[in-house]
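Here the chain labels run A, B and C in written order, and each chain numbers its own residues starting at 1.
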Amino acid sequence: MNGESRAERRRRRLVVAVPYLWLALFFLAPFLIVLKLSFAEVVLARPPYTPLIELLDEAGSLYLQVRLNIGNYLLLFSDDLYLRSYLNSLRIALVSTAITLAIGYPMAYAMARAPERARALLLMLVILPFWTSFLIRVYAWIGILKNEGLLNAALTGIGLIDEPLVILNTDWGVYIGIVYSYLPFMVLPLYASLEKMDLTLLEAAADLGSPPWKSFWSVTVPLSLPGILAGCLLVFIPAMGEFVIPDLLGGSETVMIGKTLWAEFFNNRDWPLASAIAVILLLLLVVPIVLFQRQQAARGSEFGK
Amino acid sequence: MSQASPQPRLRLEPWNDPASVPYIRLLEVSKSFAGQTAVDRVTLDIYKGEFFSLLGPSGCGKTTLLRMLAGFEQPERGRIEIDGADMSAVPPYRRPVNMMFQSYALFPHMSVAQNIAFGLKQDGIRKQEIATRVEEMLALVRMEGLGGRRPHQLSGGQRQRVALARALVKRPKLLLLDEPLAALDKRLREHTQFELVSIQERLGITFVIVTHDQEEAMTVSTRMAVMDQGRIRQLGVPAEVYEFPASRFVAEFVGDVNVFEGRVVRSERDGTLIHAPAAGTHVFIDRGHDVAEGAACAVAFRPEKLALALEPPAERAVNVIEGTVFDIGYLGDMSIYHVKAASGAMVRVALANRLRLVERPITWEDRVWISWAPGAGVVLLS
Amino acid sequence: MSARDGLSPFGVTALTLGFAFLYLPIVILVIFSFNESRLVTVWAGFSTRWYVALFQNQQIIDAAMVTLRVALLSSTIATILGTLAGLALARFARFRGRTLFTGMIYAPLVMPEVITGLSLLLLFVSLDWDRGYWTVTLAHATFSMAYVAVIVQSRLVGFDRSLEEAAMDLGAPPLKTFLVVTLPLIAPALLAGWLLAFTLSLDDLVIASFTSGPGATTLPMRIYSQVRLGVTPEINAISTILIAIVAVGVSLATLTQKRQLVRRRREEALARRA
């Protein structure tokens, strides 16, 4: 071992320790608090919940009392509202992911096969919306989708419909919002995997007698699977917990879990119940999140932004 | 290995002088990565002013050995000394050693002059002197006036010269070169080999070069070590290694060779007779070996040391193979004849094309006799 | 037809429709910010009155200032922490708790914002910290450092280690090597990471809503509360301004990068010929 290795080791430890401690304090610890709070009861106080562990002094004897309230969880599984919220979120996230893939794949494919000079520009065009405010982009759809909005005006104008289509404040509004907001997240990893594909593979397939449509399914799609998986996870996971889109574009009957959590927290001030909702949501997302992490770590993370 | 080299070269040979002190010493140096042995108990002395080559196939441990000399890897066992000083506790930035990297590793955000000045700046040398020495170096590698360029504005050959200048400017005790010419095309590589030798001789700095190209090693080095699986298989001046390979591995790695299995009939002081059915019947080699009769061995012949004729040589029972021409590879300056011996073995014979070749005197399917002098082959015992 | 022929009619259609979908809503939004009428759906002539109204709206201006301050500070913290984290991920193959560390880096990239926001809020309450400017800044720094870490890591993965070895070989100790060789070469990644962290902070509604307190209303929070009351051209105006800033910034960055690349290619070609 050389003489500097001790100083070197100390420096390395510092490089790891600073972000590590930060994340432990501001990312990991908060989850433990959420977990803890999900077993508390709501009270009218500041903070509005009961402590789990209390030191009681009763008749001169000291008691350490631990009270775990599982009522929040029982409520989640008994009250129709929460169950519906979870199932609705799952359905909406799945359907939107499928639609996003259906729209994103042809785009990514066309970009990857575009002349090389055009690719940088196309890539920039995909990334640009992603830098502009999410809230603004969702807001932009309100004016379009309203009953008296631009879409209906245009459709009635050309005589395609007589009655205005009701899209805003329905599930359709939410689908459109999610697909629109998350399309770049789908296109980018798809493009990355399609672009680096060796085109001679397709020529080899053709040479061996495979017609183009067959080569597409037997060569291109399997090779782009990592991109498909990454893109779907990047859309599905955030869509599950989405709040802004169902709140602004969905109706009162479009219950999604992010919206329900928000309402419990801000409107009903039931922090313990909101925590329980978060815990269950996180459990639902554990599998896709771990899948996502595995893939990122395995690829040495070539997918930046 | 201890056989006297057949042809003393016209330069100092400190390795043959028991009084001379080695400049770089490796003693029983070993290193492994994740359980895989990379360097295995290597002991090696290199003398001041040498141009020493580490030659071997990829993965043989030559680069690891070089990186241990530079200080990027630490030996697990053994020790490394440079000019009498133990290097084990010395980090790379305090070693009197500089390295020229295979990728050149020129700093892309600095100009050529800044790249060359980098090492001097670390030593806190005055600006004025840095400027003079950078100019000297640019002149040495024939890059005058290009100091302001960035690395990406240079051709491959120019980058290689900047990397050399940057490594030389600190006048290290030892310069390490990791496949320095691998990225150049063949013609430029050959030219640069001679340039490297001339710079080395002018500056008198000790060079250690790692290469997998045996021609390069033979062209530039005073001595070379052929490595395989972490060990040095043979150490010697290039001619010695080529003409007297110590093992089948070295014979096959350095140059082209025909090898035949056989058994020793008898070995005396001035010659060895071997029974090798694949190579005619008997082979006589003009060197004695200390082996028992009947011991298994191999005989090796370089293709250019064999003669080919359409008539059998007069009255010879040894050192002759009869066969038919199976294939001819025309290389321009010479042709390689693949002769199928009566025993079924395939023998390669290289013949220089001294005349313009329109009609070959010897051609496909011809019946031919291969013969050679007793001094043409070597006996391989391992 | 071979795969190398470039765009097929199908490809052109896919791209045209796709980009129309992505850009039409934004274009409409921008157009109606110049509408004379209060209605965002009926064109009543060109006007800049909503921009004038915007600059007289003290609440919006205050919110914009808060957002700017939060974004500047949080993205700087995120860049420092994210660089260290990216360094650790790319360079230290093994250390205690690496699995947990990687998990904590990648999870925020996909974590639903409601969960991040709620959990951070509960932390601040447990620590009895007053919610406001500082808590939003900390929250933003935490979730955007993951993005910086990923960008820096991917840059370092493609980094030629022999450059650092060369610096050390020439006499530069490790810390100096990092400062004069590594850092300048990964600087573009740091800048990209900072910009991304900055826009993420500028954009965020959900996490800010949880972690902010009185007196620290950010611009997205202000916009959101106005949007809930109904669509107004004033929101279109502020949106247009934000979009313009981002569009100009991103196009400028892309163009400079592209021009540098073109120049570099040309110089390389020249050098090869010489």
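Just so we're on the same page, a residue touches a chain if its C-beta (ideal position, glycine included) is under 8 Å from a C-beta of that chain, and two chains touch if they have at least 3 such contacts.
In this text, all values refer to a predicted model and were calculated from it rather than measured experimentally.
Nearest to the common centre of all protein CA atoms is the CA centroid of chain C.
By C-beta pair count, the most extensively touching chains are A-C. Set against the C-alpha centre of chain C, every other chain centre is closer than that of B.
Inter-chain centre distance (chain A to chain C, centres taken as mean C-alpha positions): 17 Å. In terms of their C-alpha centroids, the spacing between chain A and chain B amounts to 59 Å. Each chain gets one centre point, the mean of its Cα atoms, and the points for chain B and chain C are 55 Å apart. Touching two or more other chains at once are residues 173 of chain C. For chain A, residues that reach two or more other chains under the stated contact definition are 4. The set of chain B residues touching two or more other chains comprises 71, 91. Residues of chain C touching chain A in their complex: 1-4, 6-8, 10-12, 14-15, 18-19, 21-23, 25-26, 28-29, 32, 40-41, 81-82, 84-85, 87-89, 92, 95, 97, 100-115, 118-120, 122-123, 125-126, 138-139, 142, 145, 147, 149-151, 153-155, 157, 173-175, 189, 192, 196, 199, 202-203, 205-206, 209-210, 220, 223-224, 227-228, 231, 235, 239, 242-243, 246-247, 249-251, 254, 258. By the touch criterion stated above, chain A contacts chain C in their complex at residues 4, 8, 11-12, 15-16, 18-20, 22-31, 33-34, 37, 47, 103-104, 106-107, 109-111, 113-115, 120, 122, 124-129, 131-137, 139-144, 146, 148-150, 153, 180, 183-184, 187, 199, 202-203, 206, 212, 233-234, 237-238, 240-244, 248, 258, 261-262, 265-266, 271, 274-275, 278, 281-282, 285, 288-289, 292-293, 296-297, 300-305. Taken in their complex, chain C has these residues touching chain B: 160, 162-163, 165-173, 176-177, 181, 184-185, 264, 267-268, 270-272, 274. Touching chain C in their complex are the following residues of chain B: 70-72, 91-94, 97-99, 101-103, 105-109, 118-119, 122-123, 150, 152-156, 158, 166-167, 170.
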